[in-house]
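We call the chains A, B, C and D, going by the order they appear; numbering starts again at 1 in every chain.
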Amino acid sequence: MDATTPKFKRKHSNGEKLVAAYWVLGYPSVKESMSIFRTLNEAGADIIEIGYPYSDPVADGETIQDAIQKALTEGVHLDQLWKVSSTIANYSDPFVMTYGNIPFQFGLEAFVEKAKQSGIAGAIFPDLLPEVYPNVLKGIPPAFLISPNTSLERAEFIAQQSQSFIYLITRLGTTGGRNFQDKRLEKLIHSIKSKRNDIPLMVGFGISSQSQAIQAFEQGADGIIVGSELIKKYQTGGKSQVLEFVSELKEVAAQFSGNS
Amino acid sequence: MDATTPKFKRKHSNGEKLVAAYWVLGYPSVKESMSIFRTLNEAGADIIEIGYPYSDPVADGETIQDAIQKALTEGVHLDQLWKVSSTIANYSDPFVMTYGNIPFQFGLEAFVEKAKQSGIAGAIFPDLLPEVYPNVLKGIPPAFLISPNTSLERAEFIAQQSQSFIYLITRLGTTGGRNFQDKRLEKLIHSIKSKRNDIPLMVGFGISSQSQAIQAFEQGADGIIVGSELIKKYQTGGKSQVLEFVSELKEVAAQFSGNS
Amino acid sequence: METIKTLKNVPDQHGFFGKFGGQYAPEILKPALDELVEAYSRLRQNQEFHDELYRLNSTYSGRPTPIYFANRLTGHAGGAQIYLKREDLLHGGAHKINNAIGQALIAKYLGKNRLIAETGAGQHGTATAMVGALFGMETVIYMGTKDIERQLPNVKRMKLMGADVVPVNKGSKTLKDAVNEAMRDWVTNVETSHYLIGSVVGPHPFPMIVRDFQSVIGEEIKLEFPEKYGKLPDIVVACVGGGSNAAGTFYPLVDENVDLYGAEAGGIGESAGNNSASLSLGSSGIIHGAYTYMIQNREGHIIPTHSVSAGLDYPGVGPEHAFWKECGRVKYLPVSDEEALETFKLVSKLEGIIPALESAHAISLALKLAKEKSKDTRIVVTLSGRGDKDLDSVLGM
Amino acid sequence: METIKTLKNVPDQHGFFGKFGGQYAPEILKPALDELVEAYSRLRQNQEFHDELYRLNSTYSGRPTPIYFANRLTGHAGGAQIYLKREDLLHGGAHKINNAIGQALIAKYLGKNRLIAETGAGQHGTATAMVGALFGMETVIYMGTKDIERQLPNVKRMKLMGADVVPVNKGSKTLKDAVNEAMRDWVTNVETSHYLIGSVVGPHPFPMIVRDFQSVIGEEIKLEFPEKYGKLPDIVVACVGGGSNAAGTFYPLVDENVDLYGAEAGGIGESAGNNSASLSLGSSGIIHGAYTYMIQNREGHIIPTHSVSAGLDYPGVGPEHAFWKECGRVKYLPVSDEEALETFKLVSKLEGIIPALESAHAISLALKLAKEKSKDTRIVVTLSGRGDKDLDSVLGM
């Protein structure tokens, strides 16, 4: 590890359990989303995933789709992504999560260059499988997704390809659902971690309560990712609810820290 | 000729030109139609065609169709036909004009029997060609139709089959139209009359003015038949118009009488 | 050796099938009917005519049509095997095109370039509009206003193809009145126009001509079925409106050892006015130029009929069916509106084939027969048309 | 002897046609895609599978379809001879059934008994509903609310056959959004469900599988045309929405000496949003799982497209078409709404064949080409479907 090693990796090396928080840039407005990213940091989020809106977010569920739709009508554009990630980079590790066609149209090399300059610590493109992931994009360390129906063999392959963290989906379906599939998940976590432990294994797609977070950590996860639920919390209780929920998850994480 | 020879045949033998008047039994009501039949006689009609309503009068034009429709809703039935023909027989020669299915359903022999008893002097069934005309129906002497497109050969055959008069249609189409087809008609008339002159050759389907009547007689017809136009006259001017029109036609006929 | 008894050499030269048929028509039509008799007997021998008919049948209409084994329907019935003769796949969606092409070709040979037709379900009107466009002939279609309402998509199709659709607002405002109007048009324009009648009805030679053009259905069954299954089917079923798809299905099989069944529109009850089952519930009389079975009152007036299916809602039936009924060759049975509707939905759900409501009558009867037969019995039903035209009337607008 | 150059051995094992295609899809789908690749390569060798496919293609769908010489259309163009490959005669009214039957058979072999599909014009949804009924599978169809409105008869058909039609009220409320929803459903129910995609789009192996099942169109042309006319046609034209009827038409001919033309939806103008002409007016990018041509804005967002025809109103296109375009094998040209509408009416009036609005685009392009060619040139146009579904949108309600 050197000076450029992102904070979350250091924490992981130190046995800290992580919380990654996702928010859609431009939702409900560009300005408010910037303020929410600060809130997520205040609440202790170790990784801040900037959901960059894409017109056809096939991997996302209803809640995030609607937020993205709103952000698009707010007129969000890439300059704002670079700006907000530069800001976040000052206090946390910003990731960008969006769909493959965005970098494809921007130009892959240019995208990586710009993202790096803007302090982006990693990237998640849910529609880019390791097989078709353009090499040049690896300049912004990818987190690849593993899903509950991924074979053990393939899960290991994906883990090897991942460079920032390993993103384990807890259920079949789009983001925001709720059913854990316990047995299979636990087995997958153990198998992956036995092969690769230098980057954190993060669990997401369906974390909507502390008890689910507890379960994830008990099953061996290095961190959890929360997204849809934050938007729901915001919609019912505003920023303070978001702050509160992330803080609670951080507390859960803290309880499990040092145990790995 | 004997005592049973109908009046119109005697007149024909005496060189008188004839006028046949058609009216729908039951139009506009049974009672009024009975009164109209009397009017037709008063006006001098030599033959009174009782149009007996049939549900699907394919050979009839709009005017008569509508009158038939009205008569059917008035609830006309065969008993009225027998009654009205018996009355007419006292002063004129009643014909029945209706479609084949009426006698078919009544029973052919019974129909002839009943018609004879009721004084019916002849019958016209526009959908019964001589080829399919049931022999038994000949008990009420048939008038068969010849149309402008009938071949000369066939016209002679039809003339031979006719037993009351020969009914020459002046135009293609249903009853009530207006265009004479002069040349062809004249030729047909002469050809038929040269073969058969013992029964009158009556011209119909489209007589709506004195001048047409004149034309028909000039071309050699022994009589004319008027139907739709009477209904139209009634609809615009009531019974008096009917009376007037038939009287006028009779005057025309009188002018040509004795010339054959 | 037994004497060969055939039911095929009808009608006689006067157009009679036994005592049925004939020419009960106004004299004005006689020359046209004679001309048609003459032309048809000439064209029957004309190889060029047959070649053109064959070419259009195959490339335009889509013949031959397949015979489909209805696996799930058979399972549902739990008895005999049910096969569907797929006339629904023809261009336009019904068997009507078989006849329309043939008659339009006759019109062409007669030098007539105006077609008149009546239509009920709109299928025959559509078929006529199609051939009118194909041959570049002026086309006039008479259609009752009640039928225009319940078969709107077909009205749109006809107009799009350039046909003039004339609403008939008389009588019961359905098929019978459209026939009357078409006949009146023909009577008026007989020299330039061909009356392209849509079923095996009307005066001679229409019942014969239409039967012959539709016989391609039965001929194909007779050819294909033994090829695939070793022998002819045991039972063949078709629905009977005017009776053209049934006549075309049955005629090639009348001398064969096959049980033949016609399904008529039983409507909502047996009393006159509640159904259109001329053969099973009517009596004999003259209708539209022929002596046959029909629905009439005691005095002989045609009674407005009822059927949920516009194409069966007709008070007459082809005289050859009357003949087959009287000599016991074909059994005719009524199928109610309710049964037909149920079958319409059943076949859609079980086979992914939406049958015309008309055809649903035939399938319904076939299902009843199948239930009482063993699994090695084979029933072919003529699926005379597709049900797209009936969606609105079945499902509501 | 020249080296044999073939365009037939695509895609490669990763699903790439040159640089196009691939699997740009969520990981959740990867196992299902792998399973499909594997199952399909197995079934391809399975005689029983081919026999069942053949049997259903012929008896259920109505294959082979004829090739019709459009005499009056040819006369109208005044140049090359125009022939129509009659996919409109297939069960359901479009080529979509070719693919639906094939994929449903795969689903059956995979032991999946739930089908998911998206639909635009409703033709693919109808085809899926049909095979869902045929095989007794649960069927869920996603359809944009805008498309539901403009293709109502197809919605009724799907429901009647027991399919669950789920309205998609997102984005442009058309086909692209229906695809998104169908993919989301598949992502959620991937273990029990097969995603029966309706065109040569989506991640590998869909573009290959759909092309293969649709290739029966081109194979029949390749077989029938020389049999009848002595040699292959000079020019072949098909419309391109997702590109399945075109891919199925072209693929068997790509190595032959035949000029190939794809007609895209030129809509009401060349600027983005006014058309759906991905190949002729779009640019390359990722859409619905594949790298291909598409309609997008500068940042990469898919732009709502426009076409008068629902079946062409889609911002992407099959990757193999992108490949054919780039290597110059096929020419893709836009045809405007207005031209398509005019052709729709023209073909109805001249031939008595109402083409689908989609197919009218292809015929319109063929007419343009025909005008510039000599009378001995032969053009075959794939008439991908019938236009009954378009009556309301063309004529107004």
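Heads up, the rule we're going with is that a residue touches a chain if its C-beta (ideal position, glycine included) is under 8 Å from a C-beta of that chain, and two chains touch if they have at least 3 such contacts.
Computed from a prediction, not measured in an experiment: that's the story for all the values here.
Asker: Which chain's centre, taken as the mean of its Cα atoms, is farthest from the centre of subunit B?
Answerer: Centroid comparison gives A as the farthest chain from subunit B.
Asker: How many angstrom between the C-alpha centroids of subunit D and subunit B?
Answerer: Computed value for the inter-centroid distance: 68 Å.
Asker: Just how far, in Å, is the C-alpha centre of subunit C from the one of subunit B?
Answerer: Between these chains, centre-to-centre, one finds 38 Å.
Asker: Centroid from C-alpha atoms only, then distance subunit A to subunit B, rounded to Å. What do you get?
Answerer: 98
Asker: Which label fits the chain touch graph of this model best, line, ring, star, complete or other?
Answerer: Topology of touching chains reads as a line.
Asker: Dump the list of chain pairs that touch, please.
Answerer: All touching pairs, sorted by chain label, are A-D, B-C, C-D.
Asker: Help me check something: in the complex, which residues belonging to subunit C touch subunit D?
Answerer: My answer: residues 58-60, 62, 65-69, 72, 86, 88-91, 129-134, 136, 153, 156-157, 159-162, 345, 348-354, 388, 391-392, 394-395.
Asker: For subunit B, which residues count as touching subunit C in their complex?
Answerer: 54-59, 61, 65, 69, 72, 77-78, 99-102, 104-106, 126-129, 131-132, 144-147, 149-151, 154, 158, 169, 172-174, 177
Asker: With touch defined as at the start, can you tell me which subunit D residues reach subunit A in the complex?
Answerer: Residue positions touching the partner: 14, 22-28, 30-32, 170-171, 176-177, 180, 183-184, 187-191, 285-289, 291, 296, 298-303.
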